[in-house]
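So, here come the structures, one by one.
There are two complexes below, and they share chain A, which is joined by chain B in the first and by chain C in the second.
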Partner chain A sequence: MFYSRSKRAQRLMVCLMLLPAFALVLGTFLAGTAISLIQSLDYLPFIGHTQLSLQAYRDILGSTVILHGLVFSLAVALVATIISAMIAMLLAHLLRPYTNQGGWLYFLLQFNIPIPHVVGAVAIGMLFSQSGLLARLAAAAGMIQQPSQFPVLINDQYGAGIIMEYIWKEVPFIAITLLSILKSWVVPYEQQLQLLGAGRWQRWRMVTLPFMLPPLISSCMIVFAYTFGSFEVPYILGSVSQPTLPLLAYEAYLHPDLQRRPEAMAINMVITLISMILIAIYMKWGETHAARRS
Partner chain B sequence: MPQGEAKLKARKSILLMVLCAAAVIPCIPILLWSFSQQWRYPELLPVWSLRAWQSIFSPHSQVLPAAWNSLGLAIATSLLSQAAAYPAARALGLYVKAWSKPLRLLMIGPLLIPGISIAIGVHMLFLRIGLADLWIGVVLAHLITAIPYAIYLLYGFYATYDSGYETQLRLLGASRWQTFLMAELPLLRPALSLSVLFSFLISWSQYLFTVFIGGGHLVTLPMLLFSTVSSGDYALTSALSLLLVAPALVIVILTALSVNRDRYHGKEAKRVTPVI
Partner chain C sequence: MRLTYRRTIITLLLFVIFSIAVSCSAQNEKQSQSDNGASGTTDDALLSGSWEQVLSAARGGTVNWYMWGGSEAINTFVDQKYGSVLKEQYGITLRRVPVSDTAEAVTKVLNEKQAGKHSNGSVDLIWINGENFATLKQGDALFGPFADKLPHSAYVDYSNPVVGRDFGLDTNGYESVWGSAQFQLVYDADRLQESELPRSYAELKDWIKQHPGRFTYNAPPDFIGTRFVKQLFYELTGGYEGWEQPFDQAVFETESSKVWDYLNEIKPYLWRNGDTYPKSIAELNRLFNNNEIDFTFTQEIGGIASDINRGILPETAAPYVFDTGTIGDYHYVAIPYNAANKAAAMVVANLILEPGLQFQKASAASGWGDGLGIDPARLTGDLKKQYDEISEEQGQTAVPADVLLKFKLPDLAAAYTPALEEGWKTHVLFQK
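And now, the complex of A and B:
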């Protein structure tokens, strides 16, 4: 493409290639975040607030509802990520012998990846609610008489329904990431160790696990960031009395009282900040992983 | 070792059953509900009816216009995001050296930052510059997540792409366009089709961005689904869910087929795995 052009012309062309995507994505994203930040500092000229203040942040840090929302969101994301990671690791190891001929296995593993989370939430709700399919099966088997005897798993206080939806959606994603590593990069090293007389456990501990850890951690970070910030799933499967932070941000933003706007923006900034920390961790591990591969 | 092989085979069929159950069981209640008139509690099967489907396809239904809106948005988003992502991914993979990593990190941001935060920020920006409540504003908002995703997928291709093929063709006198058609496109096709399909899907299932930026004027399928969920009409909720999931299922089948025709067969690790 660049055979006969000057260095300068080449640089210009590369910039032009990058420009549309970066202007569209980062331009809008950064401008939007900047407006959020300014409004969170109580700069709202259209209602006469022009004095910058940190009052909104003080308010949300003093509010038990919001702190509960934050802790609840983090806890749900953490539990969902850890359980998904464990199931995915087990699944990846079990599926490993069949990676070369596992057409159907692969198809089934990938099956729910493109299903939207909204639909996943509806499906999990209809399966696990107190009048859901499982409750009906339990009643047919004579295990329960009343729907209220079935455990509350949907719209519950502990976020069980939310967590189950996340696990259902994210296990295949993590498992596929792990399988791609287990399939190829690890194999020669494991064979080497086997030749040197290492046992099964030693091989796993000395080669398989260290190779698996970076992609495992980076995909877990993606899952955690997603589950922490997801709006749709807790909206459908969560309890009204136990809102997650994104739901609180949504409510505060749509509140007709503009005096509450800085609060909405402050919640918004907290969510953005936590995600950015997660991205930083992801980058560190994701890039080490990429460097090791090349 | 015939015994070991038999054990592997037995384990494979158990795995097949488990995965099949995990994929299929959650879909059963939705499927049954969508064909139900009513479904009282202890009954295992509903009273059948086509009510939900009839109301979806009736001439007065809101659903079909919403489906067309969703389709239009998703096609526009998918094509525009390729147009922006293709040159950027190529530049990041082949021409940008030291800056490639930081630029890619910047691009990951909008993918991992919660939709609610981005949607609120972008809504306020678009209100200010007059793009809110406009169709083109909604498309732009959808592009914010679709483009980084497309770049992520396409960059994965260019990171391991050998541009030597192109140099060879150019030396033999091919034009830039011929080189693209004869060398680059055939190799790029698996990654590109994945990117087209997934950016379509990102827009197709988008809720928050459409509601905020569209201001409720542009009704799409996910918006109808959300309002139906709160209304408690299980039959209609299920039928809408199935309608929303239909393109996703087509895409799974297409991806499964394209994996079999993968040009990088045997080098699976270099293929990019889709993230959602």
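And now, the complex of A and C:
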């Protein structure tokens, strides 16, 4: 019955099959967002607040710390995304000739994808901090006198540690997306162009890049949205004097005074809003791209 | 025709799936209701009935104990010592749930209250301090008063204001004592002579300026970091006595500015020029152990032997206190109003006051050096003798109990804690 010939029955079946997953994903997301929204408007009946107000939003928009956190979060996410994309592009091109030599390459590329960000963050910390492995090796090798002379890369003011972790984690993700395009889709077009006498650079500019761009941009958008909203990596590798937006939300949420709850929720709503805008751009762009392709 | 046939089948199948799902969840509910019913004891009965009733209601229960999980020594002690006794003697399963901040457990209880889950809550017991106790009181989400119903509360002196009040808030039996702690500084006898140790915040400032980059403190709102700032607040504003009245914003602002001036003055001489601070005591210990800084802190009255044995601190580390005093306090456990296993939680709260287990907890060899929650003056006979033996054992790894007591300062009313934490952030951390 899953192969009914009727279009309507098929459509109904697909909808029904998607329903459980949808209910879970969309249901929890919508419920969570709705609760955040009403709490951000100071609706907290369990401590007797039932009057809606926009005070929390006024507070966070007037706070230099929070605005600074917003800018810092955006900057870290942007830098991490751009560097990851560039390295991934380079990697994809370098590895392209070897893609037909079996699964080992993909295995190597993918090995870190199931590793959680927290584990990555702790590992980066153990490697690069001033009491970390590299600092000790450098001191032992006589390059620096003490481990504490090692450059400050973890808990630093520029988010270097955070960015390193994101790059480590996201490069393989983007590279794999690119490789799948480079492996199959592009090849016939490139050969065509080569027959017509196009040079290497011309082929890259006229075929390879345009084919690579859509998966590159969409994976970059996913990476950006994730890094912007992520909590655990800046929590472990960031500096207390350079908090990202999710860290500020977490702090306000755990504040012993429940009156601060709306502030945490208002920060969450800002994060959600920015992510939603990204999704909207992505979907709009995805549609036009799909239309162009077909 | 065939199409309608298929649709009927689909609808039927879905109906079956749905009804299974619904009946499953109904079953669960019935199950948990009967769990409650089997114990047959309401909250009021637990508070007014005999201890035997509590014990029989507790049998077979599971206690989800939410506690700060940042210390391996504490985790091991709770799992091994309490867990096995509870299982063997009372038929209770102890499930320790580690949190990085007690506020996470508090938030969980309040979220359940908000969602209307007024019974069968997921938190049975919380290791709590005054700040979070105040939050749960604000949200009216505690079970009690139960503390004086516990047989072992006979060993506790609740009439002592330091025990009966937590951060200036009357406990009123809504939390039960577990242990005590006092802020101490830790130095390395290999690196520093006892004679050159700073003995007050005033001396500390000079020391820091003479040794740039060798000192830092963990950032509030970390508990111990806040305490470091709070003691400074005492010293610069003429002691704790002036701050026992209710919180006054205006007075606080003028007086606390001295604290921010002090901290900003030492900032350029701190580790990494005060650009950043360690987030936790574990991080501070790591810097100390790696010879990046010369001081770390501890809260354990029984000393740091357990941390030394675990390699967290060097063997030559030793604790001491300022002559101007350091803050000491008691820590407690509380039961949420909607806990699923209140009776079992009460049994746990009672067990952890048992003198034998209190001694083991206080010893660095078997426990983690936590201070006693019970009052040694109330011990008699054999217990008294055991206590005296333990007090003599500690040596260099602990500050003698009488010295600690001599320099012990009480904590401030709960409202000062967030005020100091906020002030530190705006006036020190984000002050460029």
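Convention: the second predicted complex is superposed on the first by the 265 of 294 C-alpha atoms of A that agree within 3 Å, B and C clash if a C-alpha of one lies under 4 Å from a C-alpha of the other, contacts with A are read in each partner's own complex, and residues count from 1 in each chain.
Just so it is clear, contacts are C-beta pairs under 8 Å (C-beta built on N, C-alpha and C of every residue); 3 or more make two chains touch, one makes a residue touch a chain.
This structure is a prediction, so every number in the text was calculated from the model and none was measured.
Once the two complexes are laid over each other on the shared chain, residue contacts for A:253 go to chain B and to chain C alike.
Of the two partner chains, neither chain B nor chain C is touched by A:143.
Of the two partner chains, chain B is the only one touched by A:98; chain C is not. When the shared chain is aligned, no partner comes close enough to touch A:209: not chain B, not chain C.
Contact with neither chain B nor chain C is seen for A:67 once the two complexes are overlaid on the shared chain. By the touch criterion defined above, A:14 lies against chain B but remains apart from chain C after alignment on the C-alpha atoms of chain A. By the touch criterion defined above, A:241 reaches chain C but does not reach chain B. Once the two structures are overlaid, the count of chain A residues touched is higher for B than for its counterpart among chain B and chain C. By the touch criterion defined above, A:90 lies against neither chain B nor chain C after alignment on the C-alpha atoms of chain A.
Residue contacts after overlaying the shared chain place A:46 against chain C, while chain B stays out of touching range.
Overlaid on A, the two complexes show chain B and chain C touching the same residues of chain A, namely 1, 16, 131, 147, 253.
Every residue of chain C that touches chain A in the complex is listed here, in rising order: 3, 6-7, 9-10, 14, 101, 103-104, 106-107, 110, 113-114, 131-132, 134-135, 138-140, 219, 221, 272, 275-277, 279, 286-287, 290-292, 414, 417-418, 425-426, 429-430.
Considering their complex, residues 8, 11-12, 15-16, 19-20, 22-23, 25-30, 32-33, 41-44, 83-85, 87-88, 90-92, 95-96, 101, 103, 105-110, 112-118, 120-125, 128, 140-141, 143-144, 147-148, 151, 166, 170, 176, 198, 201, 204-205, 207-208, 222, 225-226, 229, 234, 237-238, 241, 244-245, 248-249, 251-252, 255-256, 259-260, 267-269, 271, 273-276 of chain B touch chain A.
Contact residues of chain A toward chain C in the complex are 1, 4, 6, 9, 12-13, 16, 45-47, 64-65, 68, 130-131, 146-148, 152, 155-157, 239-242, 251, 253-258. The part of chain A that touches chain B in the complex is made up of residues 1-3, 10, 14, 16-18, 20-22, 24-26, 28-29, 31-36, 39, 94-95, 97-99, 102-120, 122-124, 126-127, 131-133, 135-137, 139-140, 147, 168-169, 173, 176-177, 180-181, 183-185, 219, 222, 225-226, 228-232, 235-236, 246, 249-250, 253, 264-265, 268, 271-272, 275-276, 278-279, 282-283, 287, 293.
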